[in-house]
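What follows is a single structure, and I will ask about it in a moment.
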Amino acid sequence: MPSKAKKASARKTAKAPLRERVMKGVPDDLWVKCTGCSTMLYSKELEQSLKVCQKCGYHLRLSAEERIRLLVDEGSFQERDTDLTTQDPLSFPSYKKDIARYRKQTGCADSMVWGEATIGERAIILGVSEFGFMGGSMGSVMGEKVVRAAEEAAIKRQPLVLVCSGGGARMHEGIISLMQMARTTAAMARLADAKVPYIAIFADPMLAGIAASFAFIADIIIAEPGAIVGFAGPRVVEQAYRIKLPPGSMTAEFHLAHGMVDMVLARREIRPMLVRLMNILR
Amino acid sequence: MNRWLPFEEPLRELEEQIVELERYTAAKGMNRSREIAALRTRQEELTREIFSRLSPWDNVQLARHPERPYALDYVSAVLADFVEIHGDRRFGDDPAVIAGMGLLEERPVVVVGHQKGRDLKERQARNFGSARPEGYRKALRAMKLGEKLGYPVISFVDTPAADSRPESEERGICESIGRNLAEMSTLRTPVLVVIIGEGGSGGAIALALGDWIMMLEHSVYSVIPPESCAVILSAFDRDASRGPEAAAALRLSARQTQELGVVDEVLDEPLGGAHRNPDAMASIIKETLIERLDGLCQLDTEELLQRRYEKFRRIGSFGT
Amino acid sequence: MPSKAKKASARKTAKAPLRERVMKGVPDDLWVKCTGCSTMLYSKELEQSLKVCQKCGYHLRLSAEERIRLLVDEGSFQERDTDLTTQDPLSFPSYKKDIARYRKQTGCADSMVWGEATIGERAIILGVSEFGFMGGSMGSVMGEKVVRAAEEAAIKRQPLVLVCSGGGARMHEGIISLMQMARTTAAMARLADAKVPYIAIFADPMLAGIAASFAFIADIIIAEPGAIVGFAGPRVVEQAYRIKLPPGSMTAEFHLAHGMVDMVLARREIRPMLVRLMNILR
Amino acid sequence: MNRWLPFEEPLRELEEQIVELERYTAAKGMNRSREIAALRTRQEELTREIFSRLSPWDNVQLARHPERPYALDYVSAVLADFVEIHGDRRFGDDPAVIAGMGLLEERPVVVVGHQKGRDLKERQARNFGSARPEGYRKALRAMKLGEKLGYPVISFVDTPAADSRPESEERGICESIGRNLAEMSTLRTPVLVVIIGEGGSGGAIALALGDWIMMLEHSVYSVIPPESCAVILSAFDRDASRGPEAAAALRLSARQTQELGVVDEVLDEPLGGAHRNPDAMASIIKETLIERLDGLCQLDTEELLQRRYEKFRRIGSFGT
């Protein structure tokens, strides 16, 4: 029960230097290759540009921690349920090993972080997915954290801001992971009944079980440029239906054109927009 | 004539023997009816035996069996005066989804469901049961009508997956699934779900959030087709042929799903599967629906909704 | 207030022979030219086929009276507000003269008839538009009758069945006629809040102000084959946008294909379907 | 430089004289400021005179004036922190309709409206303010958001007509208008409507059902464009050039519409029309909105809805 969530489990975001995370898995500490244009980018500069390629504008993926730092008032984030971890309900082959590995790699217990924060001095509930942890897939832990975040927002009557990304439901938890679509979305429906606003931010990639549950029913949806968003990724669709997709299919801009998102905003513009929204949504 | 699945091979052989013997004795004017009866008994025993130890993968094949009864087969058998409605009032009418209303005994109900096609032409027309956004929106329209009129909703789930063609993305396949989940979770009337064949991932759950979730014995419910799971995960050497292993790992059969607390009730199928006796299956479904509805209709709406919420709220596996 | 509507104003439908109306405006009493295929049809036969051409299946227009006789249990219709007539709110040029002329021609006081009836012994509220009266256009009287019918259905908790047809708002009543779109639809919204079902039957033509108000928000929509249905008629659209429409545009079948109506039923099948629906909607 | 309408011909001539005189005196270094001031006074008097006896047809032209302020002009002047939202979450985003939210002084409000384009390119992009189904559905989404959050809704109406291309029919232009009327009539939050230019028939009413209906002085509200009315009716010899007569017969000006009981309040425009002083017009709109909202927000929701229903329930002209 979120109302009873112990303050004990809350902690300030670790203030580890951004570079430690930016460089994760990159052989050379100083240079990062842009996913968009393959240019080698100097990591110091990349950090200053919020991990947006200054050559091609490509928005590189952020860790949950980077994302939080980008969005909320400095130092305001209080994480909740830091250590929540999956129990491997199906005893699925190699799942426990995978979890341990990703835990080590990312320093996160699963693919979702949630807590309290302020944006423009307005208290909000924030949830951010961690793509680095098993592709940001949704298992029991992400499901539970999204539900708790929504329930807490409803109780506190504070806007819910969710940064949605990830590859979809986590198949290692089988049907249990599919059920996370139902329960997270049910929690959002209750939040709506409680008349509390819910703002979603779509970051690359935002697919399948995450896209087809709580993400698209947000009151206001902001997407990052070029983010791949959809029920299936473009490559999967091309293979499944043996078709060739035009460039730009299933991007943030594609969904804007089709009336599915409210705005596509460069990374730098998202926090100002949230501040503006919070000024309205008092 | 029924088609046989690979694991039914011994049954098929026995059937061939019986048919051959019947033909032979008929031609010769002989009476070997006792022998034939013994073979029939043997066949039934063998069926019972084989079906008592089906693997999850066997159930996958049964759930996809081309002769398996589909939603409209059950609807026409279970309901009187069924009236099908069409269209989402926004864009189109999706034949992969059916919706309508009728009488369950004396009780008016709204029905929604995925609908596969029987022959090639109908299968294509119904997109193999893969719903497009307008299909889910048609179902939602029907469910909201049920809510308005105070009629319970019955959903028959049977889909390999939601349609993910670019056209479906353009019209918001994700939004339509999410919207249904949100609306079904707060729909102010009882919602019964029967998974009658393939409970395929997001495409299935979009019509499967309700107060009481039933699965036919040989239907399956899975977050991903086992073949795709095997291709993606190194645990199965990324090898599609290891789908049967993935099926086992995914625990997608009706009984396993019930053990996991996801499904409330498994409805026994007639021996050999629902397609061997659709009428018997329909009777079981009808009786169960009536009984469950009698119970659910006694709850007041707030309690109904609270229970529905908590029912899904509970599903998860985590600790610290 | 419909609840206070005097029984005095109710009367049994006049049982004048159908032929009197069938022949309206047709020079030869015995033959009628099919609008669909131009075949000359023998009026006796046409009557027996419910005014459906047996050559081409074209559904000729019915008067309100014919329609009522077709749909309800025999003799069950009790008309209400028979004599309601417009007051010409704008003193619009020649409007009073037109009204008088159509009144004489059709025997109706305006373009709408409503009352109580039974279908399959289920009590319902019925409204039927009269195309013969100024093209079935909606002025104050149709608006008021639709509102009263909806209000009565809500009070009595009886299904509302409306046969919708007509050319749109009646421009002779200017902005007052536009307002009929708002008030009729508001009455339907109240009927929906009262949780009473509303079934619409679309008959040729069903256009503009009638189509874009209470018609398309019915719970269940049945349309007659070939009926022209839409915001603007095909010819108007072709002129306005200088385009050529494919055959079948803006027909009942077009709207069925686009998910806007539930079924297209031949005239003969409509009453059985209503009986079936009434058996469900008890 | 303002464009002049035909009935402003005397004003245009006077303006030319003044401009010529100013140029001449400036070039010659002469001071004729008193003479110029007198001409300006004369011009103002003449404007006052002409605008005091405008025909309905003159108002039609003013309502369609290409320099007339459009919805977004007022929104940006009246609201702080305006955030525009996009898309109907079903099919597309219609640039002929705007929707969003912002602060009216301290009060959060939702805004919807038709939006015309200023230059040729924008006019085409915005389809000349003719909304498609997805435009009305976007507006409805915004209004439902307002209802949910308890924010009043303000609607700026300015459209020649709804789009009636076959594509709009395919996606249910009729349904979208009817749906908005139904939803707006029962929307559980105050709804204010300002007709700022053309109140064109069904396309207009789809965003114009509310608790308090305002019209700018020179805007028009009509069931049909007067030219079309003249073409259709034999009373005008089916002659489009008799549109001015039809305009008079239709009683489509703000004052006439108010006399008919259809509009609650007419907002005076700055002398010569809103386009001569958009800021002044915006101030008047802003003040009026605040005042009317102060009143409406004091009603409880049931009373608000009852009044809204009765307000439209009353409009009609019939007897026996």
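The letters A, B, C and D name the chains in turn, as written, and every chain counts its residues from 1.
We adopt the following convention: contacts are C-beta pairs under 8 Å (C-beta built on N, C-alpha and C of every residue); 3 or more make two chains touch, one makes a residue touch a chain.
Worth saying up front: this structure is predicted, and the values here are computed from it rather than measured.
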**OP:** Could you tell me which pair, C-D or A-D, is linked by more C-beta pairs in contact?
**Re:** C-D
Subject >> chain B-chain C separation of Cα centroids, rounded to whole Å >> reply: 42
**OP:** Give, as an integer number of Å, the spacing between the C-alpha centres of chain D and chain C.
**Re:** 33
Subject >> Chain centre separation in whole Å, for chain C relative to chain A (CA means) >> reply: 54
**OP:** Send over the residues of chain A in touch with two or more other chains.
**Re:** 192, 216, 258-260
Subject >> Where chain D touches two or more other chains, by residue >> reply: 89-91, 170-172, 175
**OP:** Could you classify the connectivity of these chains, where an edge means two chains touch, as line, ring, star, complete or other?
**Re:** other
**OP:** Write out all the pairs of touching chains, ordered by chain label.
**Re:** A-B, A-D, B-C, B-D, C-D
Original post:
What does chain D use to touch chain A in their complex?
Top reply: 81, 83-93, 101-103, 108, 134, 138, 145, 148-150
Subject >> chain C contact footprint on chain D (complex, rising order) >> reply: 162, 164-166, 168-175, 177-179, 181-183, 185-186, 201-202, 204-206, 208-209, 221-224, 229, 232-236, 249-252, 257, 260, 262, 308-309, 312-313, 315-320
**OP:** Would you tell me which residues of chain C are touching chain D in their complex?
**Re:** 9, 81, 83-90, 92-94, 140-141, 143-144, 147, 169, 171, 173-183, 185-190, 192-193, 208-209, 211-217, 230-232, 236-237, 240-241, 243, 245, 249-250, 254-255, 258-260
Subject >> chain D partner contacts - residues on chain A that touch it in the complex >> reply: 192, 195, 197, 216, 219-220, 256-263, 273, 276-277, 279-282
Original post:
Residues of chain D touching chain B in their complex?
Top reply: 89-91, 133, 137, 170-172, 175
